[in-house]
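By written order: A, B and C. Residues from 1 in each chain.
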């Protein structure tokens, strides 16, 4: 299964390299390397990170509604990035951008684990997430309003809905290392999350250090989602969709979902970004839709479905 | 109670601002801001807030000395202006409200080429009763344009890329600047992705220098792969608004 | 071996365990009984080392099944039982299969726990504890909400396990089941151990702890399955 998904990932990645934003097919090496490679790689990495952290958050919080976008973790990451970017700190020191993102994401996920980690009822968790999302979105609008650049507020769509236009190798180099570190941390949590499905007491009695599992889940999520949102904005719903789609095929065991969620998340966002690029080639439109719009169109119906199932 | 009312009235009058002075001019648009600073600084009641932005405004430094005002009828009225400068399309509701309150409003069209710049300077100079200063500004600009006739037989192709990847098409101010700098504008004014630009690279890429404050829109102009194309830079403050200073952009791009 | 010596536990300023000394013996099945809030669950968690400031018990030797044990996810019975191997860090199949067989749910191995009966799901949780191959089983109300036949079956299984040389400590609300299956009954009230007696002599202490009269009831009653 996982080997098949890895193969599909490679094929999709190669296909994605063949789709330009103005023309299908191959292109001179410099365009392939400087323009298409960073975009395709970031699409896969960001999607994989969102899928994986969605699966981990759902396991850690024991709630299938958990998603880094829905719970405001991406929003907090965007807030951190916005502050670092528009006040010129990332101009002076480039790695400040992903650092800003992961500090914001870290604050968001820490709040959720403190608030909801011990009482994972669906409604309490979603309420906490709605609160963090609303707070981060309005704080972001405020930060953009106060930013020294008078046109910053116009760019709120990128930070709220995400996008991969004009991302360069620099962005890839900035975001990939923290994201890969985060993924490595998250992928090791399988056993802990399996044990946690029995509850914290039972998990502790199995010799699992629950606090350390939750802490590592927070750190790993902050690294992957934070660095991802710093370069790709707030792409939502991937972490919600991917584990939900996978459960009927690989089962509900949280640890068994991690690798599959990584690959399917990467494939999903690669496909979504290809769709974004081919829309102007196939339809007579001047603007490309923001990437997060595609994932939200896929994810919102699933959220409604899950919410209906969760309601008493 | 009566005392309270009297006090309140006193406070309100105080907030109402200084007594009416002769010939107070307010500008509500970055482009008219700059002309007002250049033509009649002694009569400025207020400028728009953008006038102080060094990336956008040629007169940012001088503008620091003057008050600024938002495009809000109430805020403008409090300044008791005799004349308000605006454009035909900006702050329409505010300007209409001000007119209804009896304030004289001048709406101008922003010029898109050098003959129009000269006409525009003359028009504003006349309204501000500074005809001589206006002619001096025109003469200074024309001095910078000397030597460019725009008649080179084989001008190099150039693409002027703006924030977010938009290009300057025919009829735009940048198009006039390129022609004056003896460059052929190779873009149609549509949005151009980084990939399209690299696929059909022009002889010369024309970019604004990095702004004082970053944005995603301008960050994309620093795409590392653009380094492969010969690039000439101009200051965005020279071309965001047309003005006598637009001649400097021609000088910078000509070489 | 696990045990408590003069342990006092305070939660939120209230002593939930007061100077409790308790030592289970090998091969013994002990029932913890007492009214709600007597401190039974706290005592069990203290034995498992799950309370703050207690040393965790060796998870390979001590298995703990919390009250209302369930799974947040619809795992299969086999997956639940396999979680019992986490302390050993292996995926050995033999102990899991044996545990499922002992609990009588080998045939349900591939079934999801949300699609089997409550008694079967409880047995799956028990199989998880058995799969660890522990020396000590700490079980909090393993028969709550079960029908009488299922409750008897589980306690008979625990009794057999104790007879095979394991130690079983089980919190029970059902006094009749405690009297029937336990070797020893520890009666608790208000955080204290009120009595620690062989099962056949525990009835008066139990009655006193619950504030119930006791005597001979001649009415017909159900007997456990043969």
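Convention: a residue touches a chain if its C-beta (ideal position, glycine included) is under 8 Å from a C-beta of that chain, and two chains touch if they have at least 3 such contacts.
None of the values given here were measured: they were computed from a predicted structure.
Chemist: Suppose chain centres are the mean of their C-alpha atoms. Which chain sits farthest from subunit B?
Modeler: C
Chemist: Quick one: most central chain, C-alpha centroids?
Modeler: Smallest centre-to-centre distance to the global C-alpha mean: chain A.
Chemist: List the centre-to-centre spacing of subunit A and subunit B in whole Å, with centres computed as mean CA coordinates.
Modeler: Comparing mean C-alpha positions, subunit B is 41 Å from subunit A.
Chemist: Once you find the CA centre of subunit B and the CA centre of subunit C, what distance in Å lies between them?
Modeler: About 81 Å separates the centre of subunit B from that of subunit C.
Chemist: Distance from the CA centroid of subunit A to that of subunit C, rounded to the nearest Å?
Modeler: 43
Chemist: Give the residues of subunit C touching no fewer than two other chains, as numbers and ranges.
Modeler: In subunit C, no residue touches two or more other chains.
Chemist: Find every residue in subunit B that makes contact with two or more other chains and list them.
Modeler: none
Chemist: Mind pulling up the subunit A residues that touch subunit B in the complex?
Modeler: 20-23, 27-28, 30-31, 34-36, 85-86, 88, 90-91, 147-152, 154-155, 158, 165-166, 168-170, 286
Chemist: Which subunit B residues qualify as touching subunit A in the complex?
Modeler: That would be residues 49-50, 53, 56, 163, 165, 190-191, 193-196, 198-199, 211-217, 220, 223-225, 228 of subunit B.
Chemist: For subunit A, which residues count as touching subunit C in their complex?
Modeler: Residues of subunit A touching subunit C: 62-63, 120, 191, 194-199, 201-202, 204-208, 251-254.
Chemist: Residue numbers of subunit C touching subunit A in their complex, please.
Modeler: Checking each residue of subunit C against subunit A gives 45, 48, 50, 56-57, 59-60, 62-66, 69-76, 79-80, 83-84, 86-87, 112, 125, 128, 132, 138.
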